[in-house]
Amino acid sequence: MKEIRETARERMKGYCRVCPVCDGRACVGEVPGMGGLGTAASFKNNIEALRKVRINMRLLHDVTTPDTATSLLGLDMDMPLLAAPIGGVEFNMGGKITEEQYVDAVLGGCVDKGLIGCGGDGVPPFIHESVNAAVTELGGKGIPFIKPWEGDEMWEKLEKARNSGCSVLGMDVDAAGLVTLRKMGRPVSPKTPDELRQIVSRVHEWGLKFILKGIMTPDEAVLSHEIGVDAIVVSNHGGRVLDHAPGTAEVLPSIADAVQGKLSIIVDGGVRDGVDVFKMVALGADAVMIGRPFSIAALGGLRDGVGAYIDQIKGQLVQAMVLTGCGSVGAIGRNCLYDTGE
Amino acid sequence: MKEIRETARERMKGYCRVCPVCDGRACVGEVPGMGGLGTAASFKNNIEALRKVRINMRLLHDVTTPDTATSLLGLDMDMPLLAAPIGGVEFNMGGKITEEQYVDAVLGGCVDKGLIGCGGDGVPPFIHESVNAAVTELGGKGIPFIKPWEGDEMWEKLEKARNSGCSVLGMDVDAAGLVTLRKMGRPVSPKTPDELRQIVSRVHEWGLKFILKGIMTPDEAVLSHEIGVDAIVVSNHGGRVLDHAPGTAEVLPSIADAVQGKLSIIVDGGVRDGVDVFKMVALGADAVMIGRPFSIAALGGLRDGVGAYIDQIKGQLVQAMVLTGCGSVGAIGRNCLYDTGE
Amino acid sequence: MKEIRETARERMKGYCRVCPVCDGRACVGEVPGMGGLGTAASFKNNIEALRKVRINMRLLHDVTTPDTATSLLGLDMDMPLLAAPIGGVEFNMGGKITEEQYVDAVLGGCVDKGLIGCGGDGVPPFIHESVNAAVTELGGKGIPFIKPWEGDEMWEKLEKARNSGCSVLGMDVDAAGLVTLRKMGRPVSPKTPDELRQIVSRVHEWGLKFILKGIMTPDEAVLSHEIGVDAIVVSNHGGRVLDHAPGTAEVLPSIADAVQGKLSIIVDGGVRDGVDVFKMVALGADAVMIGRPFSIAALGGLRDGVGAYIDQIKGQLVQAMVLTGCGSVGAIGRNCLYDTGE
Amino acid sequence: MKEIRETARERMKGYCRVCPVCDGRACVGEVPGMGGLGTAASFKNNIEALRKVRINMRLLHDVTTPDTATSLLGLDMDMPLLAAPIGGVEFNMGGKITEEQYVDAVLGGCVDKGLIGCGGDGVPPFIHESVNAAVTELGGKGIPFIKPWEGDEMWEKLEKARNSGCSVLGMDVDAAGLVTLRKMGRPVSPKTPDELRQIVSRVHEWGLKFILKGIMTPDEAVLSHEIGVDAIVVSNHGGRVLDHAPGTAEVLPSIADAVQGKLSIIVDGGVRDGVDVFKMVALGADAVMIGRPFSIAALGGLRDGVGAYIDQIKGQLVQAMVLTGCGSVGAIGRNCLYDTGE
């Protein structure tokens, strides 16, 4: 990993410093780039909220080889982990590799390790085209995310994504705040419950599942359930759309209290290692997305880099499960956390 | 804005460093100048209190083009935002532009963008004279603030301000603690309820509205209502009169609980961008004042600089309203804030 | 004051850095010297506890020229402020002035400004002898403090102090933990209630009042009242005897709740300016002691330096009283503090 | 001590910086080495949790020469303090002294001062062999700790340790997470209650006492009691096995509430000086283990270095007992702590 990170540091020069600790401080306001919007408070809140969560170590039990596998939206996964949908290698990461190489690294690297990656969307058509092509090549093993475009663009892109052969589609409605897109003259916007019902209905007609990314309150989690989405992603878009949103690890427990078991709960925001994955699952998530570190692994080592990063996370997750006595993902709950729980 | 800030940094040398984040740390104790008094705890408390407020992001709604307009004391404003009354370019900001240029920049820049600016007061007569002249030239679109002078000076200045053609007059009673004025031999002081009743009565006879600036407790907010003032400004004078006052964002909710709807509540203290404006309105303010950043914009780009800064704030406010689902200023409330509210 | 501080910085080189903010960080563990013991946590806790206290600004009242005078233990004082008992110029402050000069500066400087200073005690006899001589020269205007020596030394020193002509005597029982004295082979120790009753009884027979310094809990404050002492000093000895004691501003309110009105409550610990004095009185103190800053003023400007420092504090205290609407020391109470009170 | 620390700094170069404050910040992630795993959050939490505990100073009593002696598991000790079981001088500390020298320094240094040291275990046989030999040479005055090996290795090592002549044996089940051992192909693992019952039963048949190290929750403390262990060590293994565990000083009170009086409670984690020892006992521990600082003292001054460090701790503990009025270890309780207690 050390070598991968060094290569990434070179390749991402001017876009990401690949800091020892990725916490949003060095890249304040760098949008485009890899930073958080404005004062980067939302980015930092993600990190801080996770940092505050502490784990109960337990050693008087028989868990020595825990099972990290899980199933999400009909997909079997070796860990409750997905690569988050990120695109735009050129303007966000420096463009030293092509969008195709990037998508192959992230989505392919995930498939290599029994995981699923998500693909991003953006203004130049090659962003979503790269994703769709990669998903097709991977036999449908990838989840294309479409941005909340206004008008026909959204429907056209949903259709194209469907044709990739995927079994799950997503929309990151939290991208509605992306300044970069607005500046490019391609408006994105919030979606009304009615519009979302239409989308969900169409996706379901196609026989696919639908993930809605960008839920930060229990009320919109409940609303998502009523609308019929199959999964939500608790996310503040990595702190890139609204300054001063709370950290996702803070809002996750109350969202889980509201909808756990009714739909799948995915969360992203500041997840860096396997212990963070463990924490998010303990707080109520069915699965976790990681964003920036996957980009760094992809830039630094392509598909192998992504694989190496996944291996590292798995080692950390396994160790956390052993040291807390969790034999399976289902056993990871709030009683694994210090002073938080029931 | 970058260029404006660089020009300001040059022009304000020795008086303001135009820091990347304006938080009172670099200018501790610099009164005169732009800093906070003593340890600058009050200045920093303003910043910190606002920083702690976090926003609920919501995206499942139809708000795409929110309306930022509001009405305050009979004035129509494009945003719930006023330029705070600041004067004394020479001894506080370095004097690289004249008081007249400064007042024209701030008050004129506000009018250019559909806002209202307030004008300051001080010892050399040209401070309030510049303000009155500018208000007259702007057809009454400006709010002169008079300091709480002892004796006749106050009445004379109120009269002169009235003659400017303004429709609203203010007094920053929080200036009662200004060391600079005392040193110049021109005493200012707190005002008794009886004195204030006299002032309000006179201003109302003139057909004008009256703003009282410097309220930091619910009890004095209620007293202000009883006295008959039309609006209060929750303010600790930017931390320049009493060290260790709480941040205004901390005291605002309890003040709003006490008097919201009975008089207009304006607040200043640490507001730097459109998200801060959003937060203050969500905490209970009808409108917000910004101080130091307007001075920087004025020094750095005169009337156009002020305009550019206002545009930036508006963009941020609009984005915050979209990402929280607030179609109008009236829709911004405590349920937009994380973990604060009812 | 700037010049005084610069002179002090030169004269105290190697003993005190005369930092811009005197908060115990630069001098961690420097005992002897001016620092806090061990990690200096107690010193820092004093500073931090005071820093957290915030003040309610109020301006709708008639207080423009508040009266800072107070009476304590039969002594009329221009402010509720005493110089704390500190001795040992040679080993604690570098010895660039003599003990006699130091004592004259502190005690004399206080008398010049209508205050009372306390005198320290220590191993070389000239420490307490200097104090007694100065008190006599000042017509009894000074309070000698005797350390809690074991055996006859204590009684002999109390007698000598009595003969100085003072009307009040003190003992800093918190000095029982001073490593420096133990190393010099001159043991000090805690005192039992019975021993203290003897001391108080003797001091009262002499017609003098007795101050017991070093109370940090409500139970020992109540015990002090039962023993009959006239005043306690809430103090952790400036953090120089026990690491990790709480800050005095933290424990003061509960001590005041227990004994206010039954005996006089004095407090020291981290008081630096007039706003700090105001805070301590608002938290329940009848008067406040300041330690290190008086030493710095004395080293930097002798008797005039102490006077200049007192003038500065008075200006700050007056301003705080004006801006909170406190016309007298008695009016300063918990309702002047934000979010602390009844 | 200064000289000892300087020598240690040289000898441990590349393994430990011997920082002025040993708080886990400089050595983040250095396992092997002396650091905390991952982000070192558990290491830092130990430090931070202890730092937050504050002590009630009391001086109106007759305690001048407190008795620090205590008895634990049938062992008379001059202080409630043990050296923690640490081994592997070569790969953790730089190997500038031999394992034999190290073990002699720590165990022998403890015996010299009336204390008991614990001995570590590890992969190269000379680690536990050195411990057993030293314990024999010290007439049984030492506590060998065996790691939670899988299979026969554990039983063989327990037997060998028994033959050293010790009266107490321990197992650090928290070592189950040690990455270093796994990498060496020598698996360690959590233990089930049944396995532990077998171990305890065997150890008791031998007439020895058994300590279980690595308890971090009240439920596993109760379980330990049910299993029949004689003592637990509240420990997160110095933050070297699971990132983001709470600090031991945080979990200690609730563990003490659950099992105090039923078995002996030992605690380690961030204890650096005698005041920390005092705090841990006040929070509910019967005795305290210190780890890293003993290693530094051993590397820096061998057996005399360890002795000098113990003397320093004793001086600090005595002073803390005097300044809180605790005449014996049994008198140190929660009412000695500020704001924690009943």
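Annotations for the structure displayed:
When the chains are written out, they are named A, B, C and D in that same order, and each has its own residue count from 1.
Please note the rule applied: a contact is a pair of C-beta atoms (placed from the backbone, for glycine too) under 8 Å apart; a residue touches a chain by one contact, two chains touch by 3 or more.
If you're wondering where the values come from, they're calculated on a predicted model, not measured in any experiment.
Both copies, chain C and chain D, contribute mostly unmatched positions to the interface they share, with under half of the numbers common to the two. Superposition angle, chain A onto chain D, using Cα atoms only: 90 degrees, a multiple of 5 between 0 and 180. Summarising the inter-chain layout, the chain whose CA centre lies farthest from the centre of chain D is B. Distance from the chain A centre to the chain B centre is 41 Å, each centre being the mean of its Cα atoms. Computed from the mean C-alpha positions, the centre of chain A lies at a distance of 58 Å from the centre of chain C.
Residues of chain D in contact with at least two other chains: none.
If the chains shown are joined wherever they touch, the resulting network closes on itself as one ring, and no chain has more or fewer than two partners. Every pair of chains meeting the touch criterion is listed here: A-B, A-D, B-C, C-D. Against chain C, the residues of chain B that register as touching in their complex are 38-39, 41, 45, 148, 150, 173-174, 176-177, 179, 187, 189-193, 196, 214-217, 219-220, 223-224, 227, 236, 241-246, 250-251.
Per the touch definition, chain B reaches chain A in the complex via residues 21, 51, 53-64, 273, 275, 279, 316, 319-320, 322-325, 338-339.
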